[in-house]
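Here chain A shows up in two complexes: once beside chain B, once beside chain C.
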Partner chain A sequence: MSCGNVQDVPEVDVDGVQAEPEKVTMPRKKRVRRIDKSLCQRCQATKSMYIIRNVTYCKECFDAAFYSRISKTLNPALKGFDSFTSSRKSYLLNGSRAPRQTGDAVLALSSGAGSTSMVEMLVSREFIGKGDGKIADLTKGEREVVWDKGWVVYVEFAGVLEGVDDRSEIVKQWVDGLGPGIRYVGLRAEDVFDAGLKGRLHRLGSGLDGVTPTGGENGATVALDVTDPDLPLFSVPESSSSTTTPLEHLRALISSLPPASRPALLSSILNSLLTVAAQTLPNITHLLLGETSTRQASRLIAGTALGKGWSLPLELNTVHRLDERLTRLKPMKDVTTKEAAIYCHLRGLSGWTRNERRWELAGPKGKRDARGKGAVSSLEQLTEHFIAGLSVTHPATVSTINRTGDKLVYPGLGKGNIPDCPVCQLPVDPSALQWKSRTALTSLPNKILPGSTAPVSAPADRADGVTRSHHMIEAQPWTGDGPHDNLAPLLCYGCLTTFTPPTVVSKAVKAEAKPVELPIWISDNIARARKEVGRGEMRQQIGEFLLDGQE
Partner chain B sequence: MPPTPCSLCHTARALVKRPKTGQPVCKDCFFEVFETEVHNTIIEGDGIFARGESVAIGASGGKDSTVLAHVLSVLNKRYDYGLDLYLLSIDEGITGYRDDSLETVKQNQVEYGLPLKILSYNDLYGWTMDKIVEQVGRRNNCTFCGVFRRQALDRGAAQLGVDHIVTGHNADDIAETVLMNIMRGDIARLGRCTAVTTQSEDTIKRSKPFKYAYEKEIVMYAYFKKLTYFSTECIYSPDAYRGHARVFLKDLEAIRPSAIVDIIHSGEQFVLEQNVQKGMKAMQTCLRCGYISSNDLCKACALLEGLESGLDRSALRQTQDNSSAAPTGHRTIPKFERYSSGTSTPQDKALAQPTEGIERAVQAIEIR
Partner chain C sequence: MASTSDDIIKNSNGLGYTASSAAHPETLIKPPAAPSKGQDTIEVRLEFGGGLHLLFSSQPRHTINLPRFVPDSDASPPQPVNMRYLVKWMKGNLLSEREEMFGDGDGVRPGILVLINDADWELEGELEYELRDRDEVVFISTLHGG
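And then the complex of A and B:
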């Protein structure tokens, strides 16, 4: 074999035919493209400030990339997109504005980086108009808005979270400064027991009144015995509404559940309040959530751990139709919490945002677990910590989990009319109760003694170790009617797990416990499931005609 | 303090608290409820077993397979399943781990009077896990072991002439697998990892009767029944990715004990998009060893080629789309022929028409 000196090979031989050069050279080493990470890889001009997904960005390019990612998620989901030609679709997919929508939008704001950056971006990029119905003059270079008006809804949980400050005023101040097309709607978690909530939202939507932050009349109609595995339901006695505030009812409900179940309940409360606001405020077509890809990944893992596999694809969907008029969107789905936090920092908002929900602080503390570790009592919080930790050694964790979630579909498609769970308002998985009872036997058929009562243990030996505290309502004799029916067969697997009591409940706890009242939305859904008209619904129809003191 | 009565019989004194439900139960009721739950898993739907079936119990000498052998023997007699049971063990060649646990399997053979077959990686592939780890390192060695063991179990079952393999995978294992497959984006496995019975074209049926049995309850059962088992974790497993899922699962269980079955429930409900299902490759047979595969080469042959080539972790990335013969000098896996079941007994079939005895496997390791 020759040494491979190409110059020695003649180009043309003596007969004038071009000679084939010998394949004598060593294979060339693949050139490694060296990237100068001190420069922005997008514009190649300015000094880079951030590294996102292995790409360096300067401030302006980061801003543009951030906007581009959100609009690529948002645009295809907005109405009118399908009517465009394919060339227009690709134009829109490249980040250009979607057409003007027929209605207005509700923007859910938690004051976390995701929702804050979403609201800020939609306002600054003029997705939300001034609320005056004005059509843009495109010939003058004006940009058409997507929604004429936006309602920013903030739900405060400080009333049930020990040691957490109330941020309603701070949030209101920021929202009020966003512009004339943005209206602030401040709700509180305990409003789920407030019969006057829809009326207040109607008045706010009509421009008649603001939403009062506290007070309200209790509208609960159904109560639940959480110590019984069948979850029997009772009618609420008329007397309770005059003595107990919605906040006290919510605290009682939270205290009655084990610590691990409380965040799931609070999540259902948040979803319910956002949905009620979007369905009650006038002319709302879209509900936008600021859930980032990091939060989505946590939701998938935590939802799996809660047994919600059946309805999880509906929760994870970027676009989900809530009813004929209202669609829920998640425009931040492809943005990580880190990217959202950087955006907030660039806008001077990083001192304002709060990313941790702190829902594990709801209700009285449970005892330390069997391994002596008591720091984390919430599945959701544990999942967030786990994903954050794993992302350090495996950076593709969040994106991989989300890609897995994107490939799941709702199993109930095409299987007829499946009832919704009265708590989470998602479809109920078939035979959830039977599945639970089959996989974990709590009784043996040949061992049930006639007339035997529920299993008994020592008074202090409650499986979840919840201690009593001032959060529990002082014991009053229960005067309601019932039980009328059981809640357990109506619930999805996840909510059944949330409300199912520990297998062993002490005699003392069982004797002292009384049914806890359920929020209005659950009462109404139970009545709907029974094909009844709920008392809450009746009240809404006649509320303005009721004189003071009438129940 | 007065003694706590059993939550199930309400008469005997409770000795343990069930990890799955938190109920205080006496020893006898614990045995009964544990065995009844396994029986319910076996008879659920159309049932895992057919009457008269020959079943090989994958036996490692650990707690799961030891308890499985015991419980299956008990339930087979009690409920008259009519099964012929065998013990099938795989020797991965891990010094200080597998060699000790195989002694336990031999004890099980004597205790339950079940025929035992042991197949080793060294005989089948010419490699032990010790040698593999020495070459590829400790990060991805579980992939090699898992792939090789799966094929080894099928080959062992074919040699025994059985139609069904049962393994001791418990609820904790399955929940870990669901979490792991979500985190790694392994959609294909996510779709099938919660099935109690799996069977592809031309592979032997595999079932997991302990699908809903908690690991802690298996240990409790073995403890109170005084069953002996080998109790050390694989020395090569601590660095595995599964370890992350395991730690997370244990933390979840500490917060809510039902999280394990809740994860399994979620996994059972997952349905994949049609495009994803259609995109999955159709099954074919490996061009080298004849084992079931979705590519030209099965994963075991591809990994073996990588090992024989002296590759380290990059052996994992050996292409499976390679229809050429193995390079000169490389060991290959013997041809796999699935024995079709007929009316004669498995032993008769094995003698009359041997597919591959262990001796033949040794002779068949060709070095070309």
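And then the complex of A and C:
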């Protein structure tokens, strides 16, 4: 129905031509599609049971949507983005099952909802075979598996978390019941100090006993003084380290860090153990993590706050190549933690899963807790609570944060060979130390203690058997050459903040502090960095004798 | 819409549920809610997942009895107990430690998933859902800490 405005007189323009009277109509109401939230919006037939991102699902449709969401992430990644061309776009993105992979997969399991639902789904939907190498007969309706065999790696942190039960046996029982193609690998956080870890994994992978365990690359262990902002390194004689157990070493390292830094260290420990397992077990081509979109959003915000911005895009990537052979995948990237928890509930696993890893319990409590300023002590935990609150009050926010994360691009692309941080094993921000020196007054190498006139110098030998490997050098921004007596120039900005001592360290604490031993993977990476620098130095010395092509 | 006993009689196949609900057990018609003479409590089954049971004496399942109507309420007619009452009751009677890990105001903390008879409580009215006899409420923590 229209209602022309009869009172309006048609306008006459400057040429005296009468303008066409404009028909004024009532603005038509935009039809709003009413959605009956009591019905499943997918099948429109059954009572809705779950609401995910404002869409309602019944049980059957939820299950189908869950599978579809994972396969749409996983399958294109496995079909090979390296050969991505526009003509292959539809094939890559259509979500159809990826071809059989040449190697096997390592599935990281924390017993939380994300990783549990990932493992359960990959096994029940026959992404993982039975380990017999059987090729499916597609003419008989058989489904081709993607990986012939899967290794489920579980890392237990109970040794360093007070009051947390050891669940490795319970997890092993569940994994053993998954089928013949799945094998359980139980690791402990303290294994990062165990020189025999790689040997154990080799034996497990080959099924052979009596293989000589192989330790770290160089066999030497490195200790660190975390009370000094320069993070000076010490070499540890093998005799002194052999008397202490790996668990004692790890506890000492955790205790030496401020409470807020401990979750970041534990996260690096977890990553390193998973990577070592994937690189050591035989014929592994993929490492699968069950990180959900909720965790990704949390990682993005927390990573930004922790100063990991430089390498954050690499950390958030669905597909990340760890080396020539091994690729890390995050198939749960588009699934929320709520969906994963519902999936586990529908499979009767919600009582079995543990979504709380309680890393805030690592090490002695900080003073903040004692003063009652709140139990939340890490940025990761604060961020998680923030994201959980947002997902209730602003339900679309989690996916918005992730979309923003997807747009981040690693700034080091095309900038040559950037060294990796020995702790998080991601590329180092070249200006991390310079940035730190501009923003914080933490590096005072030649400071003079009140009442003394001489600069503080480290003791040459210590009673505990730990000796300085080199003379202390002045802390300077690392330029890529020169020996490393300090860890600080090797670290990325995020790890630098992790190892930064508290602003105020009492004299008593500083006097009592002993260098703490670093895990084997960090010692190995430091040794590797030293070797690379040694090569660089040598090149400089003989540079004038080298032909252009040899540089 | 609450089901009445008449609905059950008209649609029943004699097995206690309607034919359409057979494929989807979540649509099972509940027994009539009217209390029998002298009955003034309802039974509610509670289940905890994702590690939340550690806050409730480490027991993953509890069966509790609640009054059918909110006690000490001046409301007329009497107000049936709802999820708000249940959460408050749990904080006062079941929670054994760290209340801040479970409750947030009248409700539960963000990050705790609540399912009422297997359905998301967001579809059931959250805190205003009126509890019925033999309802099953599942609380799953999705918070990871760290």
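Everything that follows uses one rule, which is that the second predicted complex is superposed on the first by the 421 of 551 C-alpha atoms of A that agree within 3 Å, B and C clash if a C-alpha of one lies under 4 Å from a C-alpha of the other, contacts with A are read in each partner's own complex, and residues count from 1 in each chain.
By our rule, a residue touches a chain if its C-beta (ideal position, glycine included) is under 8 Å from a C-beta of that chain, and two chains touch if they have at least 3 such contacts.
Please read all numbers here as calculations on a predicted model, not as lab measurements.
**Q** Please name the chain, chain B or chain C, that touches the greater number of residues in chain A.
**A** Looking at chain B versus chain C, the one contacting more residues of chain A is B.
**Q** Considering only touches as defined above, state whether A:310 meets chain B (first), chain C (second), both or neither.
**A** Only chain B; A:310 stays clear of chain C.
**Q** Going by the contact rule set out at the top, does A:51 touch chain B (first), chain C (second), both, or neither?
**A** After superposition on chain A, A:51 lies in contact with chain C alone.
**Q** May I ask you to decide whether A:378 touches chain B, chain C, both, or neither, giving the answer as first, second, both or neither?
**A** So A:378 meets both chain B and chain C here.
**Q** Of the partners chain B and chain C, which touch A:429 in the superposed model: first, second, both, neither?
**A** So A:429 only meets chain B here.
**Q** In the superposed arrangement, which partner chain does A:355 touch: chain B (first), chain C (second), both, or neither?
**A** Second partner only, chain C.
**Q** Using the superposition described at the top, list the residues of chain A that contact chain B and also contact chain C.
**A** Shared contact residues on chain A (touching chain B in one complex, chain C in the other): 378.
**Q** Taking the touch rule as given, give the residues of chain B at its contact with chain A in the complex, in rising order.
**A** 1-2, 4-5, 7-10, 20-24, 29, 32-33, 36-37, 40, 44, 178-179, 181-185, 187, 190, 212, 244, 248, 251-252, 254-256, 258-259, 261-274, 276
**Q** Using the touch definition from the top, list the residues of chain A that touch chain B in their complex.
**A** Answer in residue numbers: 258, 260, 300-301, 303-310, 312, 369-371, 373, 376-379, 382-383, 386, 390, 397, 400-401, 403-405, 407-411, 429, 435, 438-444, 447, 449, 452, 455-458, 461, 463, 493, 497, 502-504.
**Q** Along chain C, where are the residues that touch chain A in the complex?
**A** 24, 26-27, 47-51, 53, 60, 100, 109-111, 113, 115, 118-120, 122-123, 138, 140-146
**Q** If we count contacts the way the header does, which residues on chain A are in touch with chain C in the complex?
**A** Interface residues on chain A, with respect to chain C: 37-38, 46-51, 56, 58-60, 112-113, 263, 266-267, 294-295, 337-338, 340-342, 344-345, 350-351, 353-360, 375, 378, 380-381, 384-385, 388-389, 391-393.
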